[in-house]
Each structure stands twice: as structure tokens, then as C-alpha cells.
Amino acid sequence: MTLTLEQAQAMIAAATAKAKELNVKMNIAVVDAGANLTAFVRMDGAWLGSVDISIKKAKTARFFDMPTGEIGKISQPGGSLYNIEHSNNGLITFPGGIPIKAANGEIIGAIGVSGDSVENDHTVASAGLEAYK
Amino acid sequence: MTLTLEQAQAMIAAATAKAKELNVKMNIAVVDAGANLTAFVRMDGAWLGSVDISIKKAKTARFFDMPTGEIGKISQPGGSLYNIEHSNNGLITFPGGIPIKAANGEIIGAIGVSGDSVENDHTVASAGLEAYK
Amino acid sequence: MTLTLEQAQAMIAAATAKAKELNVKMNIAVVDAGANLTAFVRMDGAWLGSVDISIKKAKTARFFDMPTGEIGKISQPGGSLYNIEHSNNGLITFPGGIPIKAANGEIIGAIGVSGDSVENDHTVASAGLEAYK
Amino acid sequence: MTLTLEQAQAMIAAATAKAKELNVKMNIAVVDAGANLTAFVRMDGAWLGSVDISIKKAKTARFFDMPTGEIGKISQPGGSLYNIEHSNNGLITFPGGIPIKAANGEIIGAIGVSGDSVENDHTVASAGLEAYK
């Protein structure tokens, strides 16, 4: 299964619509199975620093095939993966990155969102994910 | 004048249409006045190595407010800007990056395209630019 | 004493066998006395983000001649080596990296494993180490 | 089509055999369709500087779906892709990297070899490629 640009753009459109509904400004990135960037948008007025964060969230979610926030729970001081963020030219391990799973269970990419609270980032990423089919 | 996401996406759509017409697969990036990524797409099957190159072309064009190919002419051995590519975490100075000029003459961003010959890269970037209004 | 490729490959084969026994998918790296990569494998389906982590674990173990988890104990907030992970283009200081000691006591390299819990990573690295002779 | 570790290791074994036949010491890397490292070996006594070069050759060949030497022909001073090497955290554009093509024509990875003359590097990479099936 390969993630197509059309699928990635549909996910980004859905994520953008959710961001507007929440009245937040987001950076939204989608990577493919190889963790390579497929599509990206920065909504007008969204944080510049979140360009890189949204891309790193998408990559991190695909690197470890789990939502980024799950990694953050165990990368804290005293946690089993403390300071894992130093690998892979920088990971982002708070919520907002989610793997994309095909109908056959295969993980074919990930979406990453950054621009507001991590709760809103995750909500917007989830809305994008729901548009995948 | 500020480049909007809507404008960037219209430019990317026009560039994508031209790429399909030429039967080539492109990576297309748009940056804003601050040389920060605004939108990006990788067409299905386009070169993975051109993700970074298209973004660097767009940044390079805005960094110096001229088409990337113009810089390449003077970055050659013996040229006045020899090896300028070492700056800014890497420039790309062959054709495919073009500044976006507003009606008032202000440069408000740039488009960068990579995925085929530099002639086709430039043609597709130009087609994207024409969609700006 | 010099670590040979044949020895490194025997260690990787033993580590891979242990990973299969545990039903986990690992990235396994071996570095030599100079902390330079000697051999590496990524098992089918193993995390992409663990390519870099397994290599960094092997390097970290040789950089300081101790298991990576030992360093992690004192790189915590308030610890004597707080944030040592910022050095050497990124260290990984949780378990999974172990130095390789020759019969004469000399440290001649290290093995690094990443792909599952740190306990399993360490177990698989230990299994690889046992194949050294 | 996905490149398996077993296929990558068979290619590395064949490349290593050819290197021994030529009496040269090589670094040999294989990446998958996403340009992520799948397997690597450094033969005893091979150049340390070629660890990175062999990996970059494999990545470069997959980034642009062509043998690395083809890119080098047009990245020379005055060439259309002059200084493309500044992209993607460094490309290597002289011979020794070759894409791996599946029976259905899909490119599923690449092999990169470094350690001797570029002619020998390419010959050894080709020998590895022949073992793919």
C-alpha cells in the first residue's frame, strides 16, 4: 500500500477544516511509509516554529509507528527512553503526530500537526486521519 | 503584502497541472517573504531527493530575490560568488526557483520546483508563478 | 586486538536469532574500537527510527566503555552528567548498547540494539555479545 | 514490492565476494525504497571515510533513481546540476551507487559501495545488484 498525494491532500484539507472550526492556526505535514515528506501546509498566521515541529511530529510517528505523545510519556526524566529526542536529527515527542494505517493494518505514513495546545494539535491530526481512505 | 496559503495552493495547483501536461513528476514548494515554508507537495512517484531540493530552490530564490539559475551563473569556479552554496545550510543554484513579486513590486516569497531537467523544473515553476494574483 | 567483520556478523546473527525467539524486530549495529560502524542490519518491519538509535547506542557504549544504560542513570536532571546526550552529534543513554571486551580485557568495539522495550533491546544486545569469541 | 533483509544480505555477500576477487576492501550499504538503511558491512581494513560515502551513494541512487555517476556527469562546474551535492545533507555523485529494480520495474532501494577506485566501486556494486532476485 502506498500513500498517494491525493490521500495526503484530503487529510490535510480535513485537518485544516477542523482547525478553522477550532479557530486555531496550524502547520500540517504528511509523510509516507519511508518517512519522506509528501505534503505540507502552513495556515495563514500560523507559528513559523511549527513548520519544523509538524514535520518532525509526522516523521517521529512513522519512525516508531505510534502517536508521538506515547513516546513522550516514556522519554521524561527517569523514563525508559529519556532523551530519545536526540536521535534522528531531532524528534518531537509530545502529541500531534499519528501514524496512518491502511485497511490491511500496514502503516503507510503519518500526519503531524503543530500550532496550538498539544490537545488541539492532536485533535486536528485525528481529524485529518479520519479523512484517510 | 503577504502571501496567503490560498495563493500558494493555487500556484501549486497550476504547477502540478503543467507537470502533468509535460508528463513529469515534480516536488513543488512555496515559501513566504520570510523564506519559511508555506506549502509543499510531492507528486506520486517524484524523486525523493527533490523534496529537499525544491524547498532549497524556493528558499534560495527568496534569499537573494532572483531566479536560482542566475545565482548559479556566478557561483561557478572563478565566479564572484564561487561556492555560495555552502551558506544557509545549503543553497541550490540551478534553475527551478523563482521569486514571487506582488503587483506593487514587493517580493513576497518564492516557488521552487525539482524533479526533472532544470528546463522543465523552471517551466513548471513559471507556470505556478503565473497563477499568482 | 581488532574486531573483525566476521566476528561482528556472528554477533549480529546471534542477536537476530534472539530477536526472533522473542518475536521482536530489531535494528542491530556493531562498531569497532574507533567507534566506526562495522556492520548493521534492520530486520524486516523494524522501526525506521531505530536505525539511528541502534548506531548511536553502539557508539555511545564505545565512547565511554560502559553499557549505555549506566550513562543514562547519571545523565538525568540533577545527575553529574546531565544532558550529556548533546555531545557527539547525539548520544543515546538508555539500555541497548554494550561494549565488546576482548579476552585480554581490551575494549574493541560495541554492539547497539533498538526496536522494542529497552529490556528486550538489552537482552538482544547481550545475546549478540555472547557470540563474540 | 519491498526489499527484504535477506535480499539485502545476499546482495552484500555477492558484492563482498567480488571485492575479494578484485583484492579490494569495501564498505557496502543497502537502502530500501524510502532511502532508509537496511544493511551495511565494512570489510576488514576498508577505509573509515567510506562508511559514510557508501551510505550516501546508496541514498543518492535512490533519491534520484539513477546510478550516482550519472548525476556526477551533470553536477560539474558549468553542468546543469552544479553543486547539487549540497542538498539532502550531502550527496555523493561519483560512481558506486546503483538503484535496485524489481521485476515489475519498480525501484525498491539501492546499493552503494566505496573503498577503492570508482570503477571498482561500481563493479562491486554491480556484482551485488546481480544477486538481487
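Note that the chains take the letters A, B, C and D in the order they are written out, and that residue 1 is the start of every chain.
As a working rule, contacts are C-beta pairs under 8 Å (C-beta built on N, C-alpha and C of every residue); 3 or more make two chains touch, one makes a residue touch a chain.
Source: prediction; values computed, not measured.
Copies subunit B and subunit D of the same sequence differ by a rotation of 90 degrees once their CA atoms are superposed, given in steps of 5. Although subunit A and subunit B share one sequence, what matters here is the overlap of their interface residues, and that overlap exceeds half of the numbers used. Computed from the mean C-alpha positions, the centre of subunit A lies at a distance of 29 Å from the centre of subunit C.
Each chain gets one centre point, the mean of its Cα atoms, and the points for subunit B and subunit C are 42 Å apart.
Separation between the centroids of subunit A and subunit B, computed from CA atoms only, is 25 Å. The set of subunit A residues touching two or more other chains comprises 34-36.
Contact between chains, using the touch rule, shows up for A-B, A-C, A-D, B-D, C-D.
Residues 34-35, 60, 62-65, 77-78, 80-84, 86-88, 91 of subunit D are the ones that touch subunit B when the two sit in their complex.
Every residue of subunit D that touches subunit C in the complex is listed here, in rising order: 2, 4-5, 8-9, 34, 36-44, 48, 51.
Those residues of subunit C that touch subunit A in the shared complex are 47-50, 52-53, 56, 72, 75-77, 83, 85-86, 90-94, 117-118. Partner subunit A is touched in their complex by these residues of subunit D: 32-36.
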